[in-house]
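After this come two complexes, each holding chain A, first together with chain B and then together with chain C.
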Partner chain A sequence: MATFIVRRVLWLVVVLFAVSVLVFLIFFATPGVDPARQMAGRNPTAETIKNIKHEFGLDRPLPVQYGLMMKHIFVSRDLISYGSHTKVIPEILSAAPVTLSLVFGAAVIWIVFSILTGLAAAVFRGTVIDPLLMILALIGISIPVFWLGEVVNLVTQSRLHGFFLFSWVPPLGYTPFTQDPLLWFEGLVFPWLTLSVLYIGFYARVLRANLIETENEDYVRTARAKGISERRVLLRHTLRTSMITFVSLFGLDFGVLVGGGALLTEVVFGLPGVGLLTYHSLTSLDLPVIMTTVIYGAFFITLASALVDLVYAWLDPRVRPA
Partner chain B sequence: MAEPLLEVRDLKVSFRTEDGIVRAVDGISFTVDEGEVVGIVGESGSGKSVTMMSVMRLITDPNVIYQGEILYKGRNLMQVSRDAMREVRGEEIAMIFQDPMTSLNPVYTVGWQIEEQLNEHYDLKKGQARRRASELLAQVGIPRPEQRIDDYPHQFSGGMRQRVMIALALSCNPDLLIADEPTTALDVTIQAQILELIKDLRRDFGSAVVLITHDLGVVADIADRILVMYAGRIVEEGNKEQIFYDPQHPYTWGLLGSIARLDRPKARRLTAIAGQPPSLINRPKGCSFRPRCPQAFDRCRAEDPQLTVKVGDGHLDACHLSVEDKRARRDATISPELADTA
Partner chain C sequence: MAVFEPEAELATLDTEEFGGEVVGRSPWALAGRRLVRNKLAIAAVIVFVLIVAVSFAAPLYASHIAHTNPFESNLSGTFQQNGKTVQVIQQGAGKLGLGETPVGPTWHAKYLLGADNQGRDVSARVLYGGRASLEIGIGSAVLASLLAVVFGLIAGFFGGWTDAFLSRLMDLIWAFPVYLLAISLATVLLTAPNGLRIGFVHLSASSLWVPLTIIGVIYVPYVFRPIRGQVLSLREREFVEAAIAQGASNARLIFSEILPNVASTVVVLLPLMIATTILTESALSYLSIGVQPPNASWGTVIQDGQGLLYTRPWVAIAPGIMIVLTVLALNVLGDGLRDALDPRSKLRMKG
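Now for the complex of A and B:
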């Protein structure tokens, strides 16, 4: 266990280093990128640009610049954004809870509903329920999240807002949990549902396929031959082993979303999360923010995959280290 | 005579497929008495596994069609409710499967898997199931059972896993144990051990055993009675001596001729039975074995042979040849080297 953790932490460091170097190089290799010129405002003099370059260390050699940036992120934690001239770390730290709230809630919904849907489809195979559920799942996968989000907004915020079912929906935006838990919850219900639709569809289909495959395994037949109930065969034998794929998928998707992948949902619902921050920094080529969000994202993805490996070992004793 | 433990009456098992109805088992009848060991022999696709899976009602294919009766202790298992069937499974009739590598759930300890069955059928206190599981593992010859009980299936070798499967099957002291090719996936040396174990346990537990195999050599030692199946039907039935020393059906001769034997004077090539089993969708008229049978004559094409007593004393076969003809011809198939010298 200890070796596992040590190995994982080392791996995390390697990944973060590689990702940050890559982003850094891409940024400087991108043609037409001159952060100093952007910061200098309209029609800057050569003198201004030179001053800005010096001020932000942009006239130093690349490795030094990289080292300085890492120092500002990890050691002094006072990296300044090129765009807003504010400190980047606090910005990310205030955006992270928004994203985490969004993704955690959506994940709970998608896990519960995809398992229910997948199970139901597998159990009712051969009846009309199975293809019906699978078509619904396919629709869920196919609907673009930004379109669905806009439709949801249209319905809950304007057209049917007067209707009692939607009248409780607060205006777009985010209320911190610490400030008003109820408002936090109400404001996130529809973003959660919207974000989870795609994943419910996808995970339900994957789970159904796995369940059906596992159903043909010899050990499921053994379980039946033992005389245990169909319900127990399904939950303790078939579902349990089918969850192995499910969990590995979940870890990666979850990591990606926490790391900023829920961008579209955040934009549509006006949630100032990490995705939104990344998006803005990308449009303005704001390297400090890009760098920090990318490192943040890579951190969560690596962390999630380490957690997946742990859960995986718990689910499947065959991969446990002896 | 006492009522048999298991009586299968004119069982037909078919599967609906895109190509038509596949009749995997075509009207077979047999009995298993209490404590008896019955071997069912036949090649792949002859319907032996399907027959015994039907007894357990373990076929989950929704396209299956059953006809006939399966009487277990006088009760027709085809008609009992699902819940009643669950009580029969594991507790009354238990089954060992062919491949011990895949028959145990990889994510649970072997102890857990045995305890699950015990808890399903008995009201046991917490420690009791575990103690019993440990005893069972000891009985099937697993060393250090108190420690191995917490191991996962992948930590056991193939032979040891099959022992675990046997422990699992015997955990509720079933009256009938169905062993579906229990040694096919194992090394030859391990095969003998497992057969020996089944034999010993049968004595200790008093269960009747139905041993399914494609290898007559496997049943030679342990079966009281042998059924030879071909293309979904029983073609010959008799006790061990009858099948081995006075085989009546040319298919049985073929099976006997394809066993490697060390007690014969000179080594020879094993005789294979030429051809493939017939399609079970459109069964040809007449004897199913006719296309592969070197002895076939006109009557075999026209008339379906029935399984009847021809040589007496519980020895049945389904072949049109006269008993004299059979006795005169069979050695050429079973042991050609002896026939040559004679």
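Now for the complex of A and C:
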């Protein structure tokens, strides 16, 4: 286990370095791109461009430029958005709770419903219920999340807002939990549901496939032969093993969503999280913000995936030597 | 009993296929028969072909049925409906009698689904958008698969340092979140003043090749991994050893011994990849970093419709329905192909 941890952590360091180099190269060394001009935002003055050139050492060799950029992002953390003239990193930190609220709630919903759906499909295999649930899951996977969000908004904010079922839905936006917990919850219910649809579909399909695969294992037959009840075989033997894949997928997807993957949901529901910040800087081409959110997001996801691998190795010793 | 079920299923399937007597059929022919028997998969093929046909007929629809140019704004235009002259952009149609609202769905040849806030025919734009979305979706999935097959064959066949290098490179792209990578590439490419020049290749920012290339590149590892794994195990198989013993060259080993055996994996993955790339394209276009004006794609039409959501919801709803139908059909087809080509497969893909 110790060698596995060491190797995984070393690989993590390599990936973090490579990811930062890749982002740097994309933004600073793509042929035909003038980074100073791009970082300066729309209609920059000659002086701003000159300042940027100096600050990022754009007239110096690439490794120096890389070092300076990393210094601005991680050490001095004084990167300035040339669009809004604010410091980028505090802005990201203040947006993070919104993204976390969104992703945590959605994760709870998608874990519960995907386990229920996957279990139901596997248990009722051979009846109408199984293909029906799987078609629903497939539909869930096929819906673009931002479009689903628009349809949800259309129904809950406009067309059926007068109807008692949806009249409690507050206008789009976000209320901090510390300010009004009830309003925080009400404002997030539909974003949670919308974001979780895709994952419910995907996880239910994976879980069903795993359950059916595990069903053919020898130890499940042994459990049945011992006379253990069907319910116990399902919950204690089949489901537990099937959850290994589920858990590792969950870790990765959770990391991806917190690291910026919830962007589309945030945009369509107007939730001022990290994703919406990235989106606004996209529309104003505010490169320092985009670059920072991309690097922070990528780092978060890389860390999450390393953590998943370690937990996975701890749960399932067979993967350790790999 | 449950344990023996899969075997029993397979046995009955085989006797059915051979029709009682033993007939030699190629694996592809067998797979074809299994696929044809899968009604859901056939329905999916029909839906997909219909959507492709309708989308590629967009110019015909625009010029012969709707009589409109969906790329030209038509703010002061009028048209005839039930013998009355109707303004495309109506003044004061809002709740308080203020603002401008484009005409809603007429359910007739002209402005079937209404107009967007530039006065352009939404139905024609959805069809043109479908053409762009399908071109980018199919193109980038094919690009990703081609690159992945080339890299996968090289890495899996030659092994050693080549394999280590290519695999680590793919791991790196894999570790990079799809949307963040696409966003970085797109912002840089779209803001480059004269487009991108690499050697003799020149991409201008409004070209469909920009999103196609970006999406194609970011999905290479998703196909590379299963292919490389398969090539690694195929290289150790007896028929490859036999070919080596006969003195076959590396090229012959790769192209006539190994490639045909990974082809089925590519065939299974391709529809699933197209489904994924179409979703990615629509998301990027929705974020305004995919297809650029004056071109349209399903994603850009949804974005156009966002501002009109509560007054003219069809602008945003129609392209979304097209995306859901297309992606659903491709996913069903992918499942069907997997069952047909490899009934006991463990091939699974992260969607």
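Here is the rule we use: the second predicted complex is superposed on the first by the 256 of 322 C-alpha atoms of A that agree within 3 Å, B and C clash if a C-alpha of one lies under 4 Å from a C-alpha of the other, contacts with A are read in each partner's own complex, and residues count from 1 in each chain.
Methods note: contacts are C-beta pairs under 8 Å (C-beta built on N, C-alpha and C of every residue); 3 or more make two chains touch, one makes a residue touch a chain.
The structure displayed is predicted, hence computed values, not measured ones.
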item: Chain B versus chain C as contact partner of A:T117, first or second or both or neither; value: neither
item: Contacts of A:D316 with chain B and chain C, given as first, second, both or neither; value: first
item: Partner chain in contact with A:S196 - chain B first, chain C second, else both or neither; value: neither
item: Partner chain in contact with A:G259 - chain B first, chain C second, else both or neither; value: second
item: Contacts of A:T241 with chain B and chain C, given as first, second, both or neither; value: first
item: Partner chain in contact with A:E215 - chain B first, chain C second, else both or neither; value: both
item: Which of chain B and chain C A:A225 touches, first, second, both or neither; value: first
item: Which superposed partner A:L154 touches (first chain B, second chain C, both, neither); value: second
item: Per-residue touch tally on chain A - higher for chain B or for chain C; value: C
item: First, second, both or neither for A:V15, with chain B first and chain C second; value: second
item: Chain B and chain C contact sites that coincide on chain A, given as residue numbers; value: 215, 221
item: Of chain C, residues touching chain A in the complex; value: 2-3, 6, 171-172, 175-177, 179-180, 183-185, 187-189, 191-198, 275, 279, 282-283, 286-289, 302, 305-306, 309-310, 313, 316-317, 319-320, 323-324, 327-328, 331-332, 335, 346, 348, 350-351
item: Chain B residues touching chain A - in the complex, by the definition given at the top; value: 56, 58, 60, 62, 82, 86-91, 94-95, 97, 99, 102-107, 109, 116-117, 120-121, 152, 154, 165, 168
item: Footprint of chain C on chain A - complex, ascending; value: 15, 18-19, 22-23, 26-27, 30-34, 37-38, 138-139, 141-148, 150-151, 153-154, 157-159, 202, 206, 209, 213, 215-216, 221, 249, 256, 259-261, 263-264, 267-268, 278-279, 282-283, 285, 287, 290-291, 293-294, 297-298, 301-302, 305
item: Touching residues on chain A, where the partner in the complex is chain B; value: 126, 215, 217-219, 221-230, 236-237, 240-241, 315-318
